[in-house]
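Two complexes follow with chain A in common, the first pairing it with chain B and the second with chain C.
Then we have the complex of A and B:
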C-alpha cells in the first residue's frame, strides 16, 4: 500500500505543472537571470581577486613573519595614516596593526563586511591560535628557530585546507560575494517545497478535501498515506535541488568551492525543512484556502529575502545586529552553510547549520504529528 | 436473523451550539437500498460522515457489519465504498490511473486489481475514455468516474451521497441504473438525495430527515398512505368567489382548497372519483375552467404535511 501510494503520488507530482514550475523552472530561470546580471563579476573575481591588506608594522614579530609567507594576501606595508587613507578609499579590505612585541595581539580594522574582510578576520583568528601553538612547541620540543616552529604550525593552519568527503577537494580560490545570491536562490527553491507538502496535506486529509475523505474512508492508516506522499514530495524536492545545484555548477560554471555532496546534502536538508514547515502551515491553515497559498509563499520569500536573495549583504547586517534571526531563518542557515563550506571548508560552522536545519525539521514534524494524531474530526 | 449491515442508534452531533443530528436512528438491512431524503442542511451528509468515522459525534452508537465503527475499523472499511457528493478524483491522473490508484488502497494483488479496474471502468461506461484526464471529461462522465473510484473494490456496503447533483438526465439515468445493478449483485446501499423522484424510483425503504431528525421512514407507498392527502386536483380557472371556494370545500373528501393566481388546488383525503365530483360541481356552477389535472401524493407532500414546508425549500 505504501509503495502504491508513493509511486502514484510521485507520478502525480511530476505531472503537476506548478510543482515543477515553482520548484525547478523558476529557480533555474532566476539563476540564469542572476548569472546574466553578475556572472562575469563572479568569474573575474575568482580569477583575479586577492585580498588586499595594509599592515602597520611596529616591529618584526612572528606575525609579520607569517604575513610575508601567505600568498592569498596582497600586503601593503605602510604607515598608519597611509593605511587609513587606503582603507577609506577602498583600496584595501582592512588594516593589520602588527604587535609591538612578541606576545602582543595583532589588531584588525575593517570598514565593511565582505569576503575579503571575513578572510582577514579568519586569518587573524588562525594566527592567534597558531601563535599559542608556536609558543607551546618552542617550549615543549625546544625548537629554537622561530621560523622552523612557524613552518611546523602553519602546516596545520594552512588556509584552504583539503576537504575530504565523497571525493576530495582542494580549496584554491576564494568564493565570490555574489555567490550569496545563488545561495539564497537555492534556499528559496528549497523552501518552495513548503507548497508541495501543503498540497500533499490538503489532498490527504478529510478535513481539507473530498479526495482526503476518500483516503480516510479507505482501510489504510492516515499516517501511512501521508508518509508515502511526503516521501514522494521529498524525492521531487531532492531532484529539483540536485538539478538546480548542477545547473549552477556545470551549466553556469559557477563554483561552490566545495565537494558537491555537501552542497547537495545541506540543500536537500533545507528542502526537507521546507517540507516540514509546509506540513506545519498546512495544519495551521486547515480549510483556509487563501492562507494555504499565501503563508508558504510569504514564508519562503521573507526567509529568502533575509538570506540575501535581493540584498546580497543583508545576512551580514543581520548578523551584526540580531544574529539570532539568522539562526532561526532556514534560508539564512542554508545560505550560511553553503557559504561556510565554500569559504572555510568542511568544519564546525557547516555542521552547526546542518544541526539547526535538522532541529527545525524535527520540531515542525513533531508538532504536526501530535496534531495529526487525532483520529477523527470535529467538523469537515 | 442476520445483523443489519448498518445500525445507527440515537446519533447526536453538534457543531458548537447548532444541533446537526438529533437522536437519529437508522438500520440498513442486507441487500437493501435505503434512501436518505431531506432538504439541504437536514443533516444527511453529517450523518454519513459520522457513519464513516470521519466525524466525531457527541452521542449515540454506530455499528457497521455488526461491529462498532471507529477510524481504525479497517476490516469494515475494506468492505465500504463511498461515492462523495463532490467529485473526488486526481486531476493529473488518467481515468484508468485514478480507478487503479483508489483500487490499490483496498486490493493488494496486481492481477485482481487489474481485473477489478477494467470491470469498474466498463461498468460506468468509460472504456473509451481510459486515457483521458478528468479535466477533459464532461460533468456526467466525471460523475461516472467518481462512482468507478468508489465501487472498484466491490464493496458490500456502498454509500452514495447525492451522486446526481448537476448531472444531465441521460447520465442520471445511467447512474441510477448502475446503482440498481450494484444492488442486484449483492451490495447494500445508502443513497442520499434531495431529489425525491430518484429516491422514490430507486429505494426500497426511505428515511426522511429534517433538522437532523428521522421524520418518518418506510417504503414510498407506506409513506404516501400515512398522510391525509391522497389526491391533489389542480384546475386552471379565473379567480373564484370565496363563497364558491367554501362550497367546493364541502364536497365529500375535500379537506383543503387554495387559489393562487389562475390555479385552484383542491386536496382530498381518500375516497374515490374525487375528480368527477369536483368537475360536476364546477359545470353545475357554470365556472369556466381550462386544464384539469389530478395527482397522487408525492414524497414532497409527505414532507410538507409532516414538517409544514416544502422538501425543495
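Then we have the complex of A and C:
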C-alpha cells in the first residue's frame, strides 16, 4: 500500500501545474533573469579590471619613464586628438599630459569621477610627492644626510604583499560574490517545497478535506500514508533542485566552484527541511485556508530575503552584527554552505551547515508527529 | 453599481498581499534610490573607499598611518586579534572584503621595523591599487625622513605634514559625461515603479477578474437583469479606479521620498510616462485573467513576467550594465521603453524632454497595451466559444 500511495501522489503532483510551476519553472525563469542581470558581472569578475589611460607625450621626462614601468595601468600612448576621442567614447578613464620639460607639472584630464579616475589622481599625487619632498628636505635645517634620502626618493619601492590564499582558499579560484544571488535562489526554491507538504497534509487529514476523510477511513495506518505522500513530495523536490542546479551550472555556465555532489546534497537537504517546515505549518494552521498559503509564502520569502535574494551582501551584514540569525534561517544556512564550499572548499563550515539543516528537519518532523499522533476520531 | 462594488469587495480579500507590495516598493525603492543616486559633478572628487584594517601592533606608526588613511577613506579598525593564528578571523576578513570593503590592510607585529604590510584586495582590484599607492606613499615618505636622519616621531610628524601639504595635482574634469551619469532620487524611484505597479495590477485586477469569470459567479451575473454593456462598463470603471488609486499611492510615496530632489520639476513627465505604464499593466492583468481562472497560475505567471522583464529591461539592474544581446532583446519588451522614457526625462533639459524619442517610447507602450488588450479579448472569446 505504501508504494501505491507513493506512486499515486507522485503522479498527482506531477500533474499539478502550480506545483511544477512554483518549484521548477519559476526558479528557472528567475535564474535566467538573474543571469541576464548579473551574468556580465560574474563573467567579467573572472577578469581583473584595469584602469586605462591615454598619455600625450610632449617629451621624454622622468614622468613618462615612471609610467612605462607601471603595471596597474593600461597605457595608450597617443596624440592629443586621438586621446580626446578615446576619453569621449569612454575607452579610457583619463588623459595624462606629460610635462614638456623636467620641472613642469604633468596634467590629468577626466570626464567623470570614479575609482579609476581616483587611481590616476593618486598616481599623479605620488609623483608630485617626490618632487615636494626633495624641496622640503633641501629647505630643512635638521637634515643630516640629504644625499641618501634623495637617492631613496627616486627609487620605486613596494611595501605591500597581497594575500592570495590561506588554508585551502586560493584567490584565483574564488567564486564571484554575485553568485550569492543564485545561492539565495536555490534556497528560495528549496523552501517553496513547504507548499508541497502543506498540500499533502491537506489531502491526507480528515480535519482538512473530504479526501482526507476518505484516507483516514481506510484500513491503512495514517503514518504510512503520510510518509508515502511526503516521500513523493521529497522526490519531486529533489528533482526540481537537481534540475535547477544543473541549469545554473551547465546551461547558464555559472560554476559553483565545488564538486556537484556536495551542491546537490546540501540543496536536497534544504528541500527536505522545507518539506518538514511545510508539515509543521500545515499542522499549525489546520483548517485555516488563508493562512495555509500566506505562512509558507511569507516564511520562504523572508528567509530568502535574509539570505541575499534581493540584497546580495545582507547575509554578511547579519553575520557581522547578529550571526545567530544566520544559523536559524534555513535559507541562509544553505547559501552559507554553498558559499563556503565554493570559496574555501569542503570543510568544517559546510558540515556544520549540513548538521543545522538536519537538526531543523528532525525538530520539525518530531514536533509535527507528536501533534499528529494525538489526533484521533470517534467518527467521521 | 453591484458589479463595481463586488469588484472592490473581492479585492479586499487580497488586502494583505496588496499592502505587502506597497511596502516592498517603499523599502526597495528607497534602497535602489540610495544606491544609484549620483550627484551632478562640478569638480574632481576622490572616490571614498572603505578599508578594513587589522592592527596587531598598535604602535605610533600604525596609528599615524590609519589616521592618514581616515582623512580620505572610510576606515574600520580591528585591534587585539592575531591574523596568522585565527583561521576563522582570516575568513571573516576575507568575506568582508568580498562583500563590503575595497581593501583589508593587515599590519602585523614587527611592522614598525620592517615597514612591510599585507593586504587583501576586492574582486576587481582597482580600489585596492588606490590604497596601495596611498600606503606606499606614506611609508616611503616616512623612510625618506628617517634616512635623512630624523627621529621616528619627527619623521612621522613630517610625513603627515608632507602628505597634508602636497599641492593639488592638475586635474581637469571636462564633465562631458556628467549629465548621463547623474541620477536623482526621483529617477531611481520611477525606474523601480514597473515591478510594483505590474504586480499590484496582476494580483489585484487579474485575480479579481478571474474570480468574476468563475463558473458560479459569471452565471449569476449573466442571469441577472443587468445589461451586458452596464456589466462591462462597471468592471472597466472599477479597474480604472483601482489602477489610478494604486498609482496615486505609489506617486505619493515617491514624492514624499524625493522632496529635496533638484529634478522635481520633471515630475510631470515622469507621471505621464507612468500613466502609460499603468495602461500597459491594466492590459497585462486583463490578458492574464482571460487565459486562466486559476489564481495560483495567474500569481505565478505574473511574477515570472514582471520579475523577468524587470531584470532584463533595466528596472533592477541599470541598462548600462546589461549585455548588448540582452538590450537588443529588451527592445521587444514594454518595460524597456518605459525605462528609456525615464532616462530621456532624466538626461534632458527643459523643453528638450518632449522630443520625438520620448513620444515614441509612450507610443510603443500604448501599442503594447493595445496588443495585450486585444490578445486578452481574443483569448476570452475563444474560451467562451469552447465552453
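Throughout what follows, the second predicted complex is superposed on the first by the 249 of 380 C-alpha atoms of A that agree within 3 Å, B and C clash if a C-alpha of one lies under 4 Å from a C-alpha of the other, contacts with A are read in each partner's own complex, and residues count from 1 in each chain.
Note that in this section contacts are C-beta pairs under 8 Å (C-beta built on N, C-alpha and C of every residue); 3 or more make two chains touch, one makes a residue touch a chain.
A quick note: this is a predicted structure, and the numbers were derived from the prediction, not measured.
Chemist: Counting touched residues of chain A, say whether chain B or chain C comes out ahead.
Modeler: On the superposition, C touches more of the residues of chain A.
Chemist: Is A:214 touching anything from chain B or chain C once the two structures are fitted on A? First, second, both or neither.
Modeler: first
Chemist: Kindly classify A:12 by the partners it touches after superposition: chain B alone (first), chain C alone (second), both, or neither?
Modeler: First partner only, chain B.
Chemist: Now for A:337: first (chain B), second (chain C), both, or neither, which partner does it touch?
Modeler: A:337 contacts neither chain B nor chain C.
Chemist: Looking at the overlay, does A:319 come into contact with chain B only (first), chain C only (second), both, or neither?
Modeler: second
Chemist: Which partner chains sit in contact with A:259 here, chain B, chain C, both or neither? Use first/second/both/neither.
Modeler: So A:259 meets neither chain B nor chain C here.
Chemist: Touching A:296, do we find chain B (first), chain C (second), both, or neither?
Modeler: So A:296 meets neither chain B nor chain C here.
Chemist: Now for A:278: first (chain B), second (chain C), both, or neither, which partner does it touch?
Modeler: So A:278 meets neither chain B nor chain C here.
Chemist: If we overlay the two complexes on their shared chain A, which of chain B and chain C does A:136 touch? Say first, second, both or neither.
Modeler: After superposing on A, A:136 lies in contact with chain C but is clear of chain B.
Chemist: For A:206, using the defined touch cut-off, is the partner it touches chain B, chain C, both, or neither? Pick first, second, both or neither.
Modeler: After superposition on chain A, A:206 lies in contact with chain B alone.
Chemist: Residue numbers of chain B touching chain A in their complex, please.
Modeler: 15, 49, 52-56, 70-72, 74-75, 77-78, 80, 82, 84-90, 92-93, 97, 101-102, 104-106, 108, 149-150
Chemist: Looking at the complex, which residues from chain A come into contact with chain B?
Modeler: 1, 4-5, 8, 11-12, 15-16, 203, 206, 209-211, 213-222, 225, 375-380
Chemist: Please give the residue numbers of chain C that touch chain A in the complex, ascending.
Modeler: Residues 16, 28, 31, 41, 44-47, 49, 87, 90-92, 94-96, 98-100, 106, 115-121, 123-127, 129-130, 132-137, 139-141, 143-145, 147-150, 154, 158, 162-163, 165-167, 169-178, 181, 294, 296-297, 300, 303-304, 307-308, 310-312, 316-317, 321-323, 326 of chain C touch chain A in their complex.
Chemist: Could you list, by residue number, the parts of chain A that touch chain C in their complex?
Modeler: Touching chain C from chain A are residues 17-18, 21-22, 25-26, 29-30, 32-34, 36-41, 45, 48-51, 72, 87-88, 90, 105-119, 121-126, 128-129, 132-133, 136-137, 140, 142-146, 148-149, 152-153, 157-163, 166-167, 169, 174, 176-177, 180, 294, 310-313, 316-317, 319-320, 343-344.
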